[in-house]
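Shared chain: subunit A. Partners: subunit B in the first complex, subunit C in the second.
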Partner chain A sequence: MKKQLPYLLLMPGSILLIVFLILPLIKVLFPTIYEGTFTVKNYREFFQDAYFMKILIRTLKIAVLCTVISMFLGVPTAYFISRCNKKKRGLLLALTIFPLLTNSVIRSFAWINILGRNGIVNTLLMNAGIIEKPLTLLYTEFSILVGSIYLFLPLMIITVAGTMENIENDLMEAAESLGASRLSAFIKIVLPMSIPGIIVGNILVFTGTLTAYTTPQLLGGNSNLVLATFIYQRAMSLGDWTGAGVVAAVMIAATMVVLRIFNALAAKIDERGEKYA
Partner chain B sequence: MRKNKMLVAFACCVFAFLFLPLFIIAVTAFGGESAITFPIQSFSLKWFANIFTSGSFISSFKTSFQIALFATLLALLVGIPAAYALARYTIKGKNMIQSFFLSPTIIPGIVLGFALYRFIVLVMRMPVFYGLLLGHFLAVLPYIIRVVGSSLSQFDFSIEEAAWSLGCGKVSAFFKVVIPNITSGIMAAFMLAFINSFNNIPVSMFLTGPGVSTFPTNLMNYIEYNYDPTVSAVSVLLMAGTIIIMFVVEKTLGIASLAK
Partner chain C sequence: MEFLTLNKIDVTYDKKKTVLKGLNLEVKEGELVSLLGPSGCGKTTTLRVIAGFIEPSGGEFILDGRNYTKVPVHKRNFGIVFQSYALFPHLNVYDNVAFGLKLQKLKKAEIKRKVEDMLEICGLSEFADRFPGQMSGGQRQRVALARAMVIQPKLLLLDEPLSNLDAKLRINMRVEIKRLQKKFGITMIFVTHDQEECFSISDKVAVMNNGLIEQYDTPENIYLKPKTEFVARFIGFNNFIPLKKQSGGIFITERKELIQVEQETKLEEGLGTIRPDDILLADETVSENVMNATVGVRTFLGRSYQYEVDSTAGKLVVNAPIGKVYEPGDRVRVQLPKNKIIIVRKSM
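After this line comes the complex of A and B, so read on.
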């Protein structure tokens, strides 16, 4: 009895996960590799299809750009937050969490108002006489990218700020009093110590952007599909269940590969850190 | 410590980027024009009234509230014992079991919804409501495992053993000693899971059928067919709700508990 107890406690969750996660996944993924015999035909067809490749590349491109830009905007901001006094830091963290708790439909909708044909950017530019005809900003890859950065930047800030808070202020001051400029103290001390947080932030933003549905749907329109909107269109509009299954497999595989790469990177940096420590 | 002016300016720009769009929506909610304009030309509260007269917002709000509540409770019910077993006992394949319980995080929401739709609705012929509930349950389970798990990892299990040796039964020791010590973890996990379920869209996309739609998917449909400030008004109400929730969380658990 004593030995069985932990397994008994794990049982209900395991059963629910197997029945409602694993079985359904097998149900949609198995037909993509088995049609009477095992075959990779469906995958070959998809990767040879220029239309699909365009969507895959667009998705990856937006995810990479969104992650890199969020990192460049987020890391200095997180540094700023972590160096504030306790009261101010709490307020700034709350201000960063607020957008995260706001529905992504609303956060995308905000950008429809800003980037739309009669939106704020176009109105301002036309009133200023800079342009004569409204620019096409909405329903482009650009609008998906802006919306994605808007969506995921707070996540990067929160994650990195969490790590930077643990770095002792004394360490920074020591570096500065020993003659390091503030920038070089940041680059040589804070940045290396924050790498674990930055990696986690990158993982969250990259996988988040890779699989996001709402923002590309609202800001990309039908001519700028990404994997998540493509899978929905394949299944619901075209009734192509196998095709949707293939896209699902590609999305899961892409997520796993990204996780592997970042984890390997983290392990490598850890190892190097130990060597120099 | 002296502050670098460049850094202050940079952080100000980032926060402006994060808040200006939300500020603009909030302002447009009070406009009298039939299309969204900024700045507004006249003041009106009619869009707020519009939310309550078009029944779909109210009914989908109720659906989302129910789904979020039941999915979170179910996840707590199976998640707390699992997290306890993982933290308390040395069992074979612990890491594997842990990643198995966290595995819904590596399955994209839209794929989860798609798979459940195929399996539950088309094969098992269950009503879509149960599909939605299970989908949201799977999506929030990792939050429970992670947050309650980290709370349990800080718990000193010798206190529980002391209760046992003093004659307290295992079950009653769990409820009288373990649970009270991880209450704040459970509360934080509840809030995180509830908010995430309420806001979730990808999982719901495939699982909203005739008569069942969640609040965010309903909002999304509305945006695709209408361009009036009703959505801005909805946003203002939701943001007000978020502020209240954040305030309550700050007073009870501390806002940092939501940053996990």
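After this line comes the complex of A and C, so read on.
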């Protein structure tokens, strides 16, 4: 009985996953490789179609850019927060998480107001005489990127700040006493020690951006489809469930490849060779 | 000319709590000076002022003729050994030790030579590839020392470096530290609350209390001739008898008993202090500095019995050999040998 207990405890979660994730996934993906016989025809068609490829590349481009920019914005912010005293740190983290408490549709609408033809940015620039006619900011890859960064930056900040909080101040002081300025102590001590958090943050932001639906739908419009909006269009508007399944499979594969790359990177940076994800 | 001078250093936290008030300290080149005191006495704060982590609100810190009061930490070139060791967990032993040298932009071959020499001296050669997480406390301690020494610092600061080690290792390490100090002739400031550790290693000891140095002296003088009640208590005196000078070597207790004291003192009034070991339970033949007393509590200490006795001069703690056992309530005569009594200033 004692030996079986752990398995018993695993049951509820496993059943939930099998019934609501694994089985539906098989049901969606199986038709993409089986039409009477096993075939890769659907996938060959996907990768040969320039339109599909453009969407795939756009999606990956936005996800990579969003991750990299979030990292560059998030790491210094996280460092600042982690060095504050406990009271201030709690307040700043609460402020960071605050946008996450709002519905993503509402947040995207905010960006429509900011980036639109008559939005705040265009009005300001035109009033200042910098531009003559409004820039096309909305319904572009740029607006998807801005919206995604806005959406996922808090995730990066809280993950990295969590790791940095655990770095003892003694280490910074030791580095300083050995001749390192604050900046070089940050680069040589804090940064390498934060790699686990940064990797996790990158994974969260990357997979989040890659699979996000609302933001690209509202800020990208129909001319800037990404994989998620493309799946929806295929399945719901065109009723092409097999095509949607192919895109879903490609999305899963892309996510897994990127995770592996991050892992390999982490192992290379950290000589101790620990795995983070 | 002193090598290191702290001149009237004031440190105040949050504009309210004063930690150091006008602290003065002078250290000669090549000396090992300990800051000794209970927690909260300001010893670590003093060390952090010297290191540059705390900027004093007043006073100045001069080293080797140069004013360091406002020099940033990373430009001071002082080695620091932290209580937690503060080794970089993501770097192996070699890279930990090489950290400071790499920042000095030395040539690779020179760094290699210096690091390897230092690892050799500290007995760490075989551990060069290990990470701190894979080492024992004593080994980490040696890495911390090697890392701080390899940059050839003007000053080495050690903040309770041995407090995380077990008793046996602690003794080995303090011998090691002393050896390295003699080998490199480096000036060291050593913070500790352990008096045995401090006496065994130091050239001079500053006993601190409440943000001030109560006594700054050689270990022998601190141990044998404490100047204040606080110092005396800290190093194990626990009998204190209020005394007033009457003439020459004669003092008088509050109950008008006369006590002879050999030690010469300028104090007109103070506390006569004596170690429990030095008080004798006397027989009828002795008459000098003898008082009648009643035995209170008896405690077995192994080599001796400790008695709390109620004497005419107040409560006294006496350690007596185990030959004769007294029971609570027994009447005894205690003798305070005149050459063992020290007159100290009453501490606030």
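Operating definition for what follows: the second predicted complex is superposed on the first by the 259 of 277 C-alpha atoms of A that agree within 3 Å, B and C clash if a C-alpha of one lies under 4 Å from a C-alpha of the other, contacts with A are read in each partner's own complex, and residues count from 1 in each chain.
Simple rule for what comes next: a contact is a pair of C-beta atoms (placed from the backbone, for glycine too) under 8 Å apart; a residue touches a chain by one contact, two chains touch by 3 or more.
Keep in mind that this is a model prediction, so the values were computed, not measured.
Engineer: Check the contacts made with subunit A and report whether subunit B or subunit C touches more of its residues.
Structural biologist: B
Engineer: After lining up the shared chain so the two structures overlap, which partner does A:I198 touch, if you call subunit B first and subunit C second: first, second, both or neither?
Structural biologist: After superposition on chain A, A:I198 lies in contact with neither partner.
Engineer: Quick one: is A:M156 in contact with subunit B, with subunit C, with both, or with neither? Answer first, second, both or neither.
Structural biologist: Neither subunit B nor subunit C is touched by A:M156.
Engineer: When the two structures are overlaid on chain A, which partner does A:P76 contact: first (subunit B), second (subunit C), both, or neither?
Structural biologist: first
Engineer: Touch check for A:E173: first (subunit B), second (subunit C), both, or neither?
Structural biologist: both
Engineer: Classify the contacts of A:C66 with the two partner chains as first (subunit B alone), second (subunit C alone), both, or neither.
Structural biologist: A:C66 contacts neither subunit B nor subunit C.
Engineer: Give one of first, second, both or neither to describe whether A:I55 is in contact with subunit B, with subunit C, with both, or with none.
Structural biologist: Neither partner.
Engineer: Taking the superposition on A as described, I'd like to know which of subunit B and subunit C A:A248 touches: first, second, both or neither.
Structural biologist: first
Engineer: Where on subunit A do subunit B and subunit C both make contact?
Structural biologist: After superposing on chain A, subunit A residues 173 contact both subunit B and subunit C.
Engineer: Tell me, which parts of subunit A touch subunit C in their complex?
Structural biologist: These residues of subunit A touch subunit C: 168, 170-171, 173-181, 184, 188-189, 192-193, 270-272.
Engineer: Considering the complex alone, what residue numbers of subunit C touch subunit A?
Structural biologist: Those residues of subunit C that touch subunit A are 51, 53, 73-80, 82, 84, 86-90, 92, 99-100, 103-104, 131, 133, 147-148, 151.
Engineer: For the complex, which residues does subunit B have touching subunit A?
Structural biologist: Counting only subunit B, the residues touching subunit A are 1, 3-4, 7-8, 10-11, 14-15, 17-19, 21-22, 24-25, 28, 35-36, 38, 77-79, 81-82, 84-86, 88-89, 91, 97, 100-101, 103-104, 106-112, 114-116, 118-120, 123, 134, 137-138, 141, 195, 199, 201-202, 205-206, 216, 219-220, 223-224, 231-232, 234-235, 238-239, 242-243, 245-246, 250, 255-256, 258-259.
Engineer: Can you list the subunit A residues touching subunit B in their complex?
Structural biologist: By the definition above, subunit A touches subunit B via 5-7, 9-10, 12-14, 16-17, 20-21, 23-25, 27-28, 73-74, 76-77, 79-81, 83, 90, 92-99, 101-107, 109-114, 118, 120, 123, 150, 153-154, 157-158, 162, 169, 172-173, 182, 207, 210-214, 217-218, 228, 231-232, 235-236, 241, 244, 248, 251-252, 255-256, 259.
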